[in-house]
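This structure is in structure tokens; I'll ask about it shortly.
Naming follows writing order (A, B, C, D, E and F), and every chain is counted from residue 1.
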Amino acid sequence: MRPSGRQPSDMRAVTLERNVAMKAEGSCLVAFGNTRVLCTASVETSVPGWLRGKGQGWVTAEYGMLPRATGSRTRREATAGKQSGRTQEIQRLIGRSLRAVVDLELLGEVQITLDCDVLEADGGTRTASITGAYVALVDAIRWMDERKLTKGQALKDSVAAVSCGIYRGTPVLDLDYLEDVEAETDANFVMTGSGKFVEIQGTAEGAPFSRDELQSLMALAEQGIGELSVMQKAALGV
Amino acid sequence: MRPSGRQPSDMRAVTLERNVAMKAEGSCLVAFGNTRVLCTASVETSVPGWLRGKGQGWVTAEYGMLPRATGSRTRREATAGKQSGRTQEIQRLIGRSLRAVVDLELLGEVQITLDCDVLEADGGTRTASITGAYVALVDAIRWMDERKLTKGQALKDSVAAVSCGIYRGTPVLDLDYLEDVEAETDANFVMTGSGKFVEIQGTAEGAPFSRDELQSLMALAEQGIGELSVMQKAALGV
Amino acid sequence: MRPSGRQPSDMRAVTLERNVAMKAEGSCLVAFGNTRVLCTASVETSVPGWLRGKGQGWVTAEYGMLPRATGSRTRREATAGKQSGRTQEIQRLIGRSLRAVVDLELLGEVQITLDCDVLEADGGTRTASITGAYVALVDAIRWMDERKLTKGQALKDSVAAVSCGIYRGTPVLDLDYLEDVEAETDANFVMTGSGKFVEIQGTAEGAPFSRDELQSLMALAEQGIGELSVMQKAALGV
Amino acid sequence: MRPSGRQPSDMRAVTLERNVAMKAEGSCLVAFGNTRVLCTASVETSVPGWLRGKGQGWVTAEYGMLPRATGSRTRREATAGKQSGRTQEIQRLIGRSLRAVVDLELLGEVQITLDCDVLEADGGTRTASITGAYVALVDAIRWMDERKLTKGQALKDSVAAVSCGIYRGTPVLDLDYLEDVEAETDANFVMTGSGKFVEIQGTAEGAPFSRDELQSLMALAEQGIGELSVMQKAALGV
Amino acid sequence: MRPSGRQPSDMRAVTLERNVAMKAEGSCLVAFGNTRVLCTASVETSVPGWLRGKGQGWVTAEYGMLPRATGSRTRREATAGKQSGRTQEIQRLIGRSLRAVVDLELLGEVQITLDCDVLEADGGTRTASITGAYVALVDAIRWMDERKLTKGQALKDSVAAVSCGIYRGTPVLDLDYLEDVEAETDANFVMTGSGKFVEIQGTAEGAPFSRDELQSLMALAEQGIGELSVMQKAALGV
Amino acid sequence: MRPSGRQPSDMRAVTLERNVAMKAEGSCLVAFGNTRVLCTASVETSVPGWLRGKGQGWVTAEYGMLPRATGSRTRREATAGKQSGRTQEIQRLIGRSLRAVVDLELLGEVQITLDCDVLEADGGTRTASITGAYVALVDAIRWMDERKLTKGQALKDSVAAVSCGIYRGTPVLDLDYLEDVEAETDANFVMTGSGKFVEIQGTAEGAPFSRDELQSLMALAEQGIGELSVMQKAALGV
């Protein structure tokens, strides 16, 4: 039934490749099927102005898409002179999601910026970004730990994300682009490795959805994020 | 327990005042307690470029905040030279929410813009905006109906929104500013008058939340939006 | 002869409602007929860079218009990415007009920003803004006086403004929108309560005007501003 | 008494040099003392969108200042990314002033842009700009007349401008920079060759001014503009 | 003598990997040592306005750098709101270089955009971009040829680029980052496969250079570009 | 053969007029035939942030063009809201060229900004700018020397620039606009008075060029810059 031939609860093939950017303190090339995102984590010693002198750190994210990540060329935001509302919405989501699993006080007064640049877009770029950025973040914090820059165990949990949606009447996990454009309802879930919710964003693209439908999507998400957590651990060797 | 003395399931006093902007085709001054938003609906005969010639209409929204709607003066976005990510996120949400209850084909080739300008901000400006903008939208569509500009009954349902959150461990309905800054979890719900979900946005501000906590918030939201729908009907005389 | 049926020397109904914005140190909702402007005064402890350390304050203004204050929707300046030349011209005028009646040294090293946001536009928005902003400013300075933040009596005089014009050959006071678009000459006068000029801006929209015509406009302005000063005093209870 | 040793009613040495820009349809290098402005008139066959197809033309102006026209270097507006409020105010004034003496219908469907670029600034740049731009405009219209591009005598009158002010208690004509920064009142007058007013802008920089003071400034302006009109005629050979 | 241990006339290891972007009509991941650039070619049926209806095509380029391509994180240009002067200079160079080997008339009325996004920067990003973009361009033109979209053999020659410089007194080929920051003279050469020059840019970073020094650099460039041309042919299977 | 009737190795008439801007520390109006550029040098006591406290100075340049310097009016960059890529490329070139002959340490911690504003453009504006800006720079450094602001002889050499090109198959010196638009190859050379190269930029506009052609252009450039150096010395009285 699904264009890819997947079962409703099948995720696409996921890979998490570490140390792909020589100069970053942490990096991960994440693939959810054909969607590929290069995530880098940069440790900087200056924090945003409003945090200065408070002895705590910050984790933030920026999101971008190469112009030809998409089927037809998308205009470069640097040329347009500003980031679109969509881009800002996504990078705010990534930042919030990662901050949810970091103890900013134990991080010390540094800022870690996660750059998520989409090399190829086939649906689910924001959920792949969160999932891969977590891996890059862990490596950056390990890099800091080795240099005694943190004040303790700054990571409180792991975090991953997946999309679900109602496609032709059936709840399905991990929408690809073909499903995404057609889905009646589209929801993104961000959860911790310990199974709690960090963020839920559900949108009725076509028809409003019922509480029962939302429950089905939540169940799929819990399963998918469980699988992603296992893959993150494997990739990180923990 | 709540700073305002409200019970967990108490909404603030809500008022919906119609016809407050002489020149707009529809308008509503909505108050959720001290939060006050002026919503106007403007009918324009030109649609966005990508819709031209398709015989269907569009509903969009813009959101703004007067500089002194807030406790300390906020910089005017027109001076800053751009809308913040938060503003864009909110206006995209308002637009999506209203489009969910409009049949864009029956609307005919017009664009209705909902401007939601916050005169006073005390938490819940986006949910008040959606609730009030719906009332302004109805008046604008009635204005069109009277002039035979629509092609049929363009409104499919009503829509309203409310926030819920976990405040000091307890799920509460309709957060005000004092609660909002302190809440561990903050969720916005947009639902139709017929009780279906249009949008859910839940965010763990402090600690990740469980599925049970989310269920409690959903139950509060369903109750609150039920009350708002009744008030919308009363205001609109239906 | 006038579209509104007014006599040439009749002003529109003027109201000045104080304390309309809960969070501002001073506020006034001013109406000149159907033109309504919400004026707020914000006291901030930081002054512009070039004044820092000079022991004196500053008074400035910003002007905005809600998109649907006008007959057809006006594009939001925050979306356009900049303030129009007209907006900047008006806010510079409001700022200069108010500074003319304030002793900046006695104000102490604070900045007071007057935000004038037009809720409904029917001609004369800049003159209504000045007239209302003065009332908001007085309340803000009183607020400072109560907290012993000023160094003495910072207000030197009152200030108000009105437009005049030559409409169908006749000099008339306080142009509304219908008169404004048709007037041959349009002039804005800003005067103190003691009857001196702060600013005169006269423009030949249609045909150049003679010295005699200017004298007639000046006489009308003196009368109108006299009336406005009385209303300002009444509103302020002095 | 005046820093330059001039009498109160003395203008500075004024020169109007035509044909200084080889490529423009009209041009004039105007000097008011040390203030020097290069004015060019460009005839373009496209009019602003809102005028298209109406069979009438448009006259507009842009104003700029070379970075080192001033005592200390001023930031280039192209680098700053926008024109300041002051620049926009001035160029709007120049445009309005010139349109006052042009019959836009007889001009035909063309746009004439007057660029006024200040090479050296010593007070009165906007009045020098208007005075010089008029000369450039006449040459551009003559250029059009020679090519039978106008539909008749498009020039209705001449126009010139001068500043006056109250300097150390005395009304003086044509303020230079040293006087300008110190003047209590500063007024710019734009008048036609036939002695009527096109624009008056009077501002109390220090203390509000009386009606009598304004009358004195007006008398000085009438005299000064009379002299400028004679010089314009001489320069244009009429 | 060179930090990398290379001989003066040694290039770094160069690889050219085709078909790395699924959705682009042509793509090439080029590496010059640690410098890696992802080049995509996008065929679009709309040409710039000034070319419309002339029956000829256009080739243009855009250049970007991922924030963490560099040793310390570089600010994203989309966030800064504009492309830097350096970026614009580079993308103009890439565009000119590729247009030099394309017959724009035979291309037909299409635009090919070469996006060169630097994944890792270690000196020579602009020369690697040109070399890789050529390969992507060839694939895009082949894609067009297969669909009979071109009007003939649009490629006139091949093109590649390399940098040379005087490093510690010795002319060397293909500078890496460590050499680049220290070089007295830095020159970029763009040449065709047939051995002619398309572009030369030589800059004295430290000390001005003599004609003899320039000759040595030219000789190195000719050798290096000869090698690159062979590699391009091999990669393209011609 | 040349449109101007010049021999291939003839430069246009060059003039260098000093002290044309009263307020600048150095200034020069340079003409290369009909191309005229006003160059001013401004000494400022603040250096860019990254140089602060390093005890050395900086020399930078900005380039602009009056709207009607060109045959048809060019849009003002201040109105467009940004400098074009071409403008930035040129001003970066001017800055680099002048820094090549200045000892920044002996300059002391000041910044000298060279503003090059094109009054009339007829080809070669960047080479005229460099040649004239050098003269303005010398005067600014002399001004500093007189005030004992430099730490020694900050000027190491003189610098000038000229363009050459292949026009209808013949290498020619100092292209004017008519030649520039038609030239197959266009090259700009910047050289010191002592005959060394500071910058070479050669571009194949039409057809790629051979090494021999480049040699001919270089020979012409050496001759032309030799002549310009003599004129610079004469203008500066050295």
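We adopt the following convention: contacts are C-beta pairs under 8 Å (C-beta built on N, C-alpha and C of every residue); 3 or more make two chains touch, one makes a residue touch a chain.
Please read these numbers as outputs of a predicted model, since none were measured by experiment.
Visitor: Using the contact definition stated above, find the chains touching both subunit B and subunit E.
Guide: A
Visitor: Going by average Cα coordinates, which chain is farthest removed from subunit C?
Guide: With centres defined by C-alpha atoms, farthest from subunit C sits E.
Visitor: Let me check something: if the centre of a chain is the mean of its CA atoms, which chain is farthest from subunit D?
Guide: Looking at centroid distances, A is the chain farthest away.
Visitor: In steps of 5 degrees, what rotation angle do you get fitting subunit C onto subunit E on the CA atoms?
Guide: 180
Visitor: Rounded to a whole Å, what is the gap between the Cα centroids of subunit A and subunit F?
Guide: Each chain reduced to its C-alpha mean, subunit A and subunit F end up 51 Å apart.
Visitor: So how far apart, in whole Å, are subunit A and subunit B when each is placed at the average of its C-alpha atoms?
Guide: 28
Visitor: Name the residues of subunit C that each touch 2 or more other chains.
Guide: Residues 82-83 of subunit C each touch two or more of the other chains.
Visitor: Please trace the ring of touching chains beginning with subunit B, moving first to subunit C, and write out the chain order.
Guide: The chains follow each other as B, C, D, F, E, A, starting at subunit B and passing subunit C next.
Visitor: Within the complex, which stretch of subunit F touches subunit D?
Guide: The contact residues of subunit F facing subunit D are 21-24, 27, 34, 38, 40, 42, 44, 62, 64, 66-73, 76-83, 87, 113, 115, 117, 119-120.
Visitor: Can you list the subunit D residues touching subunit C in their complex?
Guide: Against subunit C, the touching part of subunit D is residues 82-83, 85, 88-89, 91-92, 96, 100, 157, 187, 191-192, 194, 196-204, 207-211, 214, 218.
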